[in-house]
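Both of the next two complexes hold subunit A, though its partner changes from subunit B to subunit C.
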Partner chain A sequence: MSDREANRAATRRRMRRVLVDRGIDVVLMVFSLLMLLPLVFLVSNGFKTPQEMLAWPPTIIPANPTTDNFAAVLQDTPLLRWIFNSVVFAVLSTLAILATSSIAGYILAKFRYRSLNVIFALVLATAIVPFEVYMIPLYFQAQSLGILNSIWGLLLGYLVMSFGIFLIRQNVIHSIPDELLEAARIDGAGELWIFFRIVLPLLRGALGALGVLAFFQAWTAFAWPMIVATNREAYTIEVGLALFQTGFTVDLGRLSAASAIVLIPSITLFVILRRNFVQGVASTGLKE
Partner chain B sequence: MLRRKRWLFAILAILPTLALFAWLRMFPIYETLRLSLHKWDILSRNKPFIGLANFQELMGDRLFHEALLNTTIIAFGVLLITIPTAMVLAALIHYRTRSRVSGFYETAVFLPHVVSLVPAAMAWKWIFDARLGPLNAVLTFLGFEPQAWLFDPTLSVISVIVLCSWQALGYAVLIYLVGFKSLPASLFEAAKLDGASGPQSFWFLSIPMLKPITLYVSVVTLVSGFNVYAQAFVLASDAQGAPGRQVRVLVLDMLENSFRNYRVGYAASEAVVLLVIVLVLTLIQFSLLRERGRA
Partner chain C sequence: MAAVEIRNVAKSFGPTDIIRNVTVEVPDGAFVVLVGPSGCGKSTLLRMIAGLEDIDKGEISIGGRVINDVEPKHRDIAMVFQNYALYPHMTIAENMGFSLRLARQSKKEIEERVQEAARILGLSEYLHRYPKQLSGGQRQRVAMGRAIVRQPQVFLFDEPLSNLDAKLRVQMRGELKDMHARFKTTTIYVTHDQIEAMTMADLIVVMRDGVVEQIGTPLDLYDYPANMFVGSFIGSPAMNFLKGAVRQVNGQQVFETGSGFRLPLHAAAAAPDGLMATLGIRPEHLSLSRAGEGLAGRIVTIEPTGSETFVVLQLGEDRISALLRQRLTASVGDELWLAPQLDTTHLFDSATTKRLTGS
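After this line comes the complex of A and B, so read on.
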């Protein structure tokens, strides 16, 4: 009798738990879909005819999909050129940031001299200052080098990343024991050999995270490319689209198509590199 | 001898990076500070020193006031929306962390944070569009008046806040998730044994224990809010179609002064104001953290 009652109570508790779980799942699912909805509509609008753009309620899957918008946009704008600029800029920036961060992070983690502490403090101090604060003087530096309107000009603002140095330094401290380096030195290994053959391979995970972070940082850069690239051929995709959309004659279908061309590859890339990315972004919050 | 050699290696290896930092970060920061005390119109060779005159002028500059006010409202608006939402979402996602779809939740919430700004803003431009946008269509359907979201002075600021929050949310959720994972599970089990419900332990345990994270995310959100530019540029064109003029923000005002009005020194003084705001926010964060450490 009491056994059965206890059983029933347990069942009721389990039922409640399942109900709560399902309820939370519903809330999260609805919220997730709402977050994605603007992007879904953007892509779908790219395939719509002007008549369907006006239809209410808006369709998620276009009734008679057309690629006219894409063709028009590719004809109106050097969109592929802009994408090319963005990709080259982002890749070069990533390589530069990986190179400078890995070597500087390693040195600052494992070589303890007072002069290096001063350097580390300076690097940390510049990290607090937002890019927007000093981009105007930086612009004039690019100008005096004669590299405005070029990939090199874009790159000038994105060669180093304070956070990258910080991230690598933390990783070296936590994952590379001094004994390992000492043992290699006793075996007669040179400092460069140690860096390339021992340190870098051990930092693969951290460098992956930082790389993805750096790539997306350059890929989504806006204010700096906006002032450096004033010539239509030199725009990055962000600048190109932002200026393209200010024209009055441009319709939303074409804008959506252009946006979709940019979004689809970057979303794909993100989904592939999600783990690296999440790790990298999460580590921005781990300040000790 | 060996010690010396090692020191030499360290210095030589860090030198290129240090040089880049000096050239591309420290020097321009110094230049911003210096230019803010000078008058320079780009074209002329001499840049006369004018002391704090730029800052004095800023005090009476109507456009600057408008920009500062808009930017502040946007930064704090985004903060108010993002932090509570992110905390609750992260708690729920953390609670369902073992379910198969939790990866999907994380990705869905985080995706707006990584996609390029301008294309994403384009989606919202359509949503807010007075004639074609689904938002007004929904309002009409529910029996409300359709609104000119992107042209009304108040509503356009709200629109920018919504767009920025949509983008900022993913980052905050991710950092909170890291925070939730670091909370001791035993504490929550003890609370449960004592009869605390889920919402109760969220309110009385999680929120107080996550305070350092809340502080960090708040400062990051505020700082990026004060640097808002692309979102307003795309979303808030004025009636003449000039991008970003409808909701004037600090960065826009600064760039206009520098490259449209050829007043670089004046623009630099605006940059210094931005810097001071960011420094104050960072200092508040550090001092609050230290206070906690002592208590």
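After this line comes the complex of A and C, so read on.
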């Protein structure tokens, strides 16, 4: 083959690669727009008047932007209180799940007692029992503990996450060789020191991912907060938002405004923990 | 420094006996290599010395102190693992100083000792890097450095060179020997590689199936293997074994192979006539001979390496290999006559596999 032909073939190959790349870009772009559009509409609807909201075709940028919906939501409902409840609930639940998962996952992965296998099997078994099955007994428990309508009541069902224990156990097995712990034991480290100074730092990635999953699990929880919180002040934001949908009407303007406000903490957290979240989804194979 | 005594030690995992009644004395300051095929229990024995496995029976003492129930950290040992076991989230300096930090040494003391170990091992410029930024050989050196800074009574090495490439392995072998010569710390080293054992050890302990087969200096094991297993395990290429019987021919004791060849036995052989025996001949102790002298067989393989030629012959049902100093003009299928040097053959009792030749 002459040099010129070879050059031409190389150019053709390069062109084809560029075209394929651009094609993929276009498809991904279209899909991301389709995914983003509802969020954009949600925010823009918050700024629309009721008439404009029902107008066809819908507008992305409101013709007469108004903050009435936001003002109404903030005045008529304890929205900020609900957000506060949700944030406290989600943060405490995340911390509790991180603590319980890392301790249990590490012990189940690295300590060899036959009874631990049984415990691990039980932990896995709880993962296949739907929450709805033990929701009611748990409610009575919360009631007898006198923690209904409180953060502690909300937390009762969200302290331990069997999937988190499983995730950490697998991570410990895969990323922390026994020799590392043995080396530390010979070096003179006690078990607590090993856990805090060696195991936890090495699990940072997995704990970050689990933290994000746990946070959003609590943040989006609906059924349990719904039954454990019976007065308006104790609602979480998910339960509060549902109030805008009554049996007969949906107050779209206020619902949009409230939802837009609620998005702020979620988006902030996502931006901060973006890398962990992607890693978490990649390492767990979960789509949330 | 301290002597290590292992007395009648046994260990089993469930119904499987891993270590059976092992007794080894490691002299103060010696470099002792535990060698044997995988699963022979050598690593388990080392881990028992380190305190990472319980001792079911028997006693282990370091420097005269029985350490059966002493925690690993109080045994005054340092261990180097096959996969280095460096803490990935700590710098090299932190890795090396970790044990000193736990022992609450002063910052200055830690830094001095880490610097000194790093200087010896040529790691001074890497102290602020992380393990993943170093090559395999450098990581191995860090692992050694971590052991050195503790100034322990005993160094334990668990196949430390297995993860390195061949060239680096030879280099690190030399460095380990240098290190031992410098510190004179009692060292127990586990490997499955008999070359490592031969080149590094003052004393080799050959193990099989949880039992010590022989203890001796490298050349002792090579020259006087106690049984067929040690004979085949020590030395490379492996020893040839020919089955046959001891006979009396013209007033002289000879070994008659299954395929009818007769090889004279040296006077020290202490075997009754008619005994079913196995003759061990190392490939490097065979040399070309005249037709009718020694053994003859058809060439199956010829591997010239330049300095020497490795040939495999088929003798009836037996196959023997030979490492010849000269080059061969013969080719595969040709007949070749080889004769062993008389004083280097090893006679084993076929029934017990034990050595018969008087030593």
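The criterion applied here is as follows: the second predicted complex is superposed on the first by the 245 of 288 C-alpha atoms of A that agree within 3 Å, B and C clash if a C-alpha of one lies under 4 Å from a C-alpha of the other, contacts with A are read in each partner's own complex, and residues count from 1 in each chain.
The working rule: a contact is a pair of C-beta atoms (placed from the backbone, for glycine too) under 8 Å apart; a residue touches a chain by one contact, two chains touch by 3 or more.
Computed from a predicted structure; not experimentally measured.
> If you stack the two complexes on chain A, which partner ends up touching A:Pro201: first (subunit B), second (subunit C), both, or neither?
second
> With both complexes superposed on chain A, which partner does A:Ile60 reach: first (subunit B), second (subunit C), both or neither?
neither
> Going by the contact rule set out at the top, does A:Leu19 touch subunit B (first), subunit C (second), both, or neither?
After superposition on chain A, A:Leu19 lies in contact with neither partner.
> Considering only the touch criterion stated at the top, classify A:Val118 as touching first (subunit B), second (subunit C), both, or neither.
neither
> So, does A:Leu39 touch the first partner subunit B, the second partner subunit C, both, or neither?
A:Leu39: touches subunit B, not subunit C.
> When both complexes are superposed, which of subunit B and subunit C contacts more residues belonging to subunit A?
Tallying touched residues of subunit A, the top partner is B.
> Is A:Ile186 touching the first partner subunit B, the second partner subunit C, both, or neither of them?
A:Ile186: touches subunit C, not subunit B.
> Determine where on subunit A the residues touched by subunit B overlap those touched by subunit C, and list them.
none
> Give the list of subunit C residues in touch with subunit A in this complex.
These residues of subunit C touch subunit A: 50-52, 71-73, 75, 77-79, 81-83, 85, 87-89, 98-99, 102-103, 146, 150.
> Enumerate the contact residues on subunit B facing subunit A in the complex.
Result: residues 6-7, 9-11, 13-14, 16-18, 20-21, 23-29, 31-32, 35, 89, 92-93, 95-96, 99, 101, 104-112, 114-120, 122-127, 129, 132, 134, 137, 166, 169, 171, 174-175, 177-179, 198, 213, 216-217, 220, 223, 226-227, 229-230, 233-234, 237, 241-243, 251, 254-255, 258-259, 264, 267-268, 271-272, 274-275, 278-279, 282 of subunit B touch subunit A.
> Within the complex, which stretch of subunit A touches subunit B?
Against subunit B, subunit A makes touches at 20-21, 24-25, 27-29, 31-33, 35-36, 38-39, 41-42, 45, 53-54, 56-58, 100-101, 103-104, 107-108, 111, 113, 115-116, 119, 122-123, 126, 128-138, 140-141, 156-157, 159-160, 162, 165, 191-192, 195, 216, 219-220, 222-223, 226-227, 237-238, 241-243, 245-248, 252, 255-256, 258-260, 262-263, 266-267, 270-271, 274, 277-278, 281-282, 284-287.
> Flag every residue of subunit A that touches subunit C in the complex, lowest number first.
The contact residues of subunit A facing subunit C are 177, 179-180, 182-189, 193, 198, 201-202.
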